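Just below sit the structures, each encoded as structure tokens.
Both of the next two complexes hold chain A, though its partner changes from chain B to chain C.
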Partner chain A sequence: MEEDILKIFVQSVTRYFDTIADGGASFGTPYLGGEPESAGLGFSAVIGITGAYRGNIYYTASREKLHALLPCLGETEPDDRLCAELVGEITNTISGDAREQLGGGFMISTPFILAGGTLAVHTAKHSVCYVLPVTWRQHPSRVLVSLQKSPDTP
Partner chain B sequence: MKLLIVDDSLIMRRAIERCVSTGRFGEVRVATNGRLAVEEFARFKPDVVTMDITMPEMDGLTAVERILRANPKANILVVSALADKATAVEAIKRGASGFLLKPITVESIQAALDDILED
Partner chain C sequence: MIADQSPAQPAPTRGRRLLAPLVYLSLALLIAAGGYGIWTYTRDLARATDVNNKRINLAGRQRALSQRMTKALLAYDRDTRAQLPANAALGELSKVSGTFNAVIRGFDAGGTVPGTDGKEFLMPAVTDAEEKRIVRDALELWLPLYDRLQEVASGKASAEQLASAVDMARTRNVPIFDLMNDLTNRTEVTARASIASASTPRSVLIAIVSVAVFLIPGLYLWSRARAEGRRARAALGSLETTYAQLSTQSANLATAKAETDRIMETVQEGLMLIDANGIIGEHHSRELLAIFRQDQLAGLSLLNLLQRLLSEKMFNTTKDYFGLLFDANRKEKTVLKVNPLTDIEVNFPNPAGGFIHRYLGFSFRRIMDGDRVARVFVAVRDVTPQIELEKKLREAEKNKDRQLDILVGIVHVPPSELESFARLVETELDTINRTLRAEDFAAASTGAQIEALRERLKGVFRSVHNIKGNAALLQLSYFQKAADAFETKLAELLDHPVLNGDDFLSVVVAQAGLRSDLGDLQDLRAKLGGLRSAPAAHSQAALAPAGGALASQLRKLVEDAARDLVKSTQLNIDDFAVHTVAADRPDLVRDVLIQLARNSLAHSVESPAARVATGKPAAATLTIRGLPPTADGLVGLAFHDDGKGLDLERIRARAEASGLIAPGALVSPDELVSCIFEPGFSTAAQPGAHAGRGMGMDIIKSKVVDEAGGAIEVLSTPGRFCEFRVYLPAPAVAIS
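This part shows the complex of A and B:
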């Protein structure tokens, strides 16, 4: 199940960068994560998942990456407030996009912006957290996926 | 013409506003959730609304219903990241004039608004 879900997020992230930045997103090998000190890259956001799945989706990126991406959205004077807004919007967009394959029962919350470089990951019960490394124009970012199918989901 | 942009994301509000800045809309206002959208619609009486779905306080689909209950001819374009077909169908069932999937581009938002206003 984990491999299938990670593939879905690879497609979602690819679609985001294809649309916003003419592509260029590449992916490293996913790994098991969750160490707070090493996961965060400066700006992070989390979306809570309920319904057919339970857990959290995180997206974390460096200030440099977000400053490079903001002009693609027309923002010519990037600052920390816009960086925080952008990680929230990216988390929202890739999570929402995943519903195309995970279905309407994959309920997503509004994004919650996490301040600071340390990312305290809340892993879904009976699950683990997978870290999907994403590189765009040599800038690193990460998608963290911790999901568990709800017991009543077929 | 008047446009009301409804989205809890500052990035999205600004992006949509920039996309339409050179177009037909002389006046643009924003709202950050569904409840404020319903209130602002009554005051502003826009020609068209762009409406996010996942927002705090009141979601966009509920706001679509409430706006249309009071203003059956309102033009509302739902702009959402929720990519499942059922969500798009639900938006149209509730009376939205169109559905646009995020992320948006200048071309996609302008084309979607053109479609709605030409009908």
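This part shows the complex of A and C:
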């Protein structure tokens, strides 16, 4: 089950970069997060998940990556504000895709932008945080998935 | 609801009730009688007036008649003397004297007399004394005169008679005239008196009737005024009573409100009233604000609040349910039974990001106004702790079997060994995670990078296989199975010609599963630690030399594996040698011996029947013995079995199939044997629980050669035996 959910995020990120930047996104080996100080890459956004699943979806990317990506969106003068908006948009997009795949019970909040390189990942007890590294044009970014299926969810 | 407390109006008594109509009836009769009286008096007055007027007129005419009579007599006398025709005067004299005579006699005795209007008039006799005197005096003068005049009027009177009559007329004319004049004046006086006397009762009656006419509405109004006054006084008294009652009730209400407010302030439940539009009423409990995380709720729509907190589907259900609540045609009992909000999850936006999810329990009661549902009473409770507890219980129930499996597996394991196993799993999982955190392999488009990913995968495989071997050593079947399932996934990935990062999703998920199992193991260890006695002995065991414990574990491992593989074995261990070599690296030695034992049983030891067929004892003999130190200071252990040894042909075939050696290439036996240390290399037709993944030898090589800097020597005679000699640097700590 968890693997299927992670695949949804992989496909969503791949599709996003296919649409926005003519592809080029590739995934590194996923691993379990647990070191907050190293998870963040400069700009991060988080979306809270409730309903059939609980937890958070994070997307974090370096400034360089975002500056390289923003022109693909027509923003020729990237700045920090646009970078923050972009990580929020990407987080929202992949969470929205997950909602489409997992149904209305997968409730998503609005993106919350987290400033700074340190990313304090909120992980529910007895759950883990999967880190999905994404490289696009040599620029790193990460999708962090920390979800726990609600006990009531069949 | 406040009842109407105004006192009833005092009921009029029966006598009072009858009196008023009687009074009004009497007054009405009085007015009728008075009216009749007035009418009668008016009629009589009119008659009296008419009679009196006629009498006055007749009296007045008498004056004129006396003069006309005298004049006619004198005219007759003159005409007679002059020998002139005197008939006219004679007629006049006859007519006038007759009329005068009739009238004067009428005055005297009453009777019909010729009226002034030519009609007969019934003359009443005079009654007044003065009139009587005048009439009497007049008659005394008149009657003799009338006799003389009658003689003249007959036309037969003599001259003397005529002269006598003239003389008498001349002498009596004035007195008669005066008397008639007096009669006229007196008649006027008596007539006025008569009219006045007749008018007085009529005036009295008019006055009485007038009074009565005005008295009825006056009395009615006075009666009404009195009644209204009484009513007003009664109402005032009633008002005062009501005011006093209201004051009492107000005081009671104030007390009740204060108590209600106190309850609403302190009750640990959200209480409110909503109308048909879902609008929250003015008064609600303070807890409601806390539950909904709002500063103000009165006047807000509960549905709108819930719309922001519930999923779309749940909100639509709730909206429909509110419709049912206010539908008076639906039985309340039935509606309450299908309440969808008994324990609903709501999600409040968290200012710090994400949501705050709580569970709220709603209950409803209708408040009816006649046949209409006027309001609905809503009670809300934050049931999060109860729900969370229930969920935990359900979760615990779900995990019960899994934890029971783990528990059954660990109860027989000494705490020190369990701790050692947990530490090993922790270490291997960390190793796996470090291996997977190779983000630089993300863009693995080149063959080298793919190969590097494969190497990482093999590293993960080694860790999992090691966990599996150690689990088997401690008979932790749950972990053994979990690791085996993990290995299956890894083996599938190793078969992929091209590897991408996202291919590792199953790996990381399996890793998370193992970590979760490890968490459960740690929890159970902690719980068991509290239950188990003699902790000192356990800690002592943890510090004890590894040889003895490891030997017994290995024996058990071999027994179990042999039983699973339907083989028969006997394991001989030189405890001291094992103890010596494992002195400062017990985990490594343990891991190596585990893999050697499992490998031997899986690949070298034959079935009892096959052994017997080749002249061997049915039970294979496995031996672990010490080796003399090498010249370069390595100490060693030998793992020997009397099985069939290495099958070089099969090794070659497998090596060729997997590309380790070229088909038909000239390869020395040593080179062929080295193939068995390649990760994933196995001559087993199918992987099994104990071997066949091709990772055991890889682990041995990795730990002995790569990790410890030792060496491995393999001796084998096909059909006779197989012996692995493991050399390790001498322990840094001397073993006494």
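We take it that the second predicted complex is superposed on the first by the 154 of 154 C-alpha atoms of A that agree within 3 Å, B and C clash if a C-alpha of one lies under 4 Å from a C-alpha of the other, contacts with A are read in each partner's own complex, and residues count from 1 in each chain.
Heads up, the rule we're going with is that a residue touches a chain if its C-beta (ideal position, glycine included) is under 8 Å from a C-beta of that chain, and two chains touch if they have at least 3 such contacts.
Fair warning: this is a prediction, and the values are worked out from it, not measured in the lab.
A simple residue count on chain A separates chain B from chain C, and the partner touching more is C.
Of the two partner chains placed around the shared chain by superposition, chain B is the only one that A:G74 touches, whereas chain C remains out of contact. In the superposed model, A:L147 lies in contact with neither chain B nor chain C. In the superposition on chain A, A:L119 makes contact with neither chain B nor chain C. Of the two partner chains placed by the overlay, only chain C lies in contact with A:G28; chain B stays clear of it.
When the two structures are aligned on the shared chain, A:K7 is found in touch with chain C, with no touch to chain B.
Contacts of A:R54 after superposition on the shared chain: chain C is touched, whereas chain B is not. In the superposition on chain A, no contact is made by A:L41 with either chain B or chain C. According to the touch criterion, the shared surface of chain A, contacted by chain B in one complex and chain C in the other, consists of residues 104, 109.
Put simply, chain C touches chain A in their complex at residues 311-313, 345, 347, 349-350, 352-355, 357, 391, 394-395, 398, 433, 435-445, 453, 456, 500-502, 504-509, 511-512, 515-516, 519. Those residues of chain A lying in contact with chain B across their complex are 16, 19-20, 73-75, 81-82, 85-86, 88-89, 92-93, 95-100, 102-104, 106, 108-110. On the side of chain B, the complex with chain A involves touching residues 8-12, 14-15, 18, 54-56, 80-87, 101-105. Considering their complex, residues 2-3, 6-7, 10, 26-32, 34, 46-51, 54, 56, 104-105, 107, 109, 112, 114, 122, 126, 128, 130-135, 138, 140, 150-152 of chain A touch chain C.
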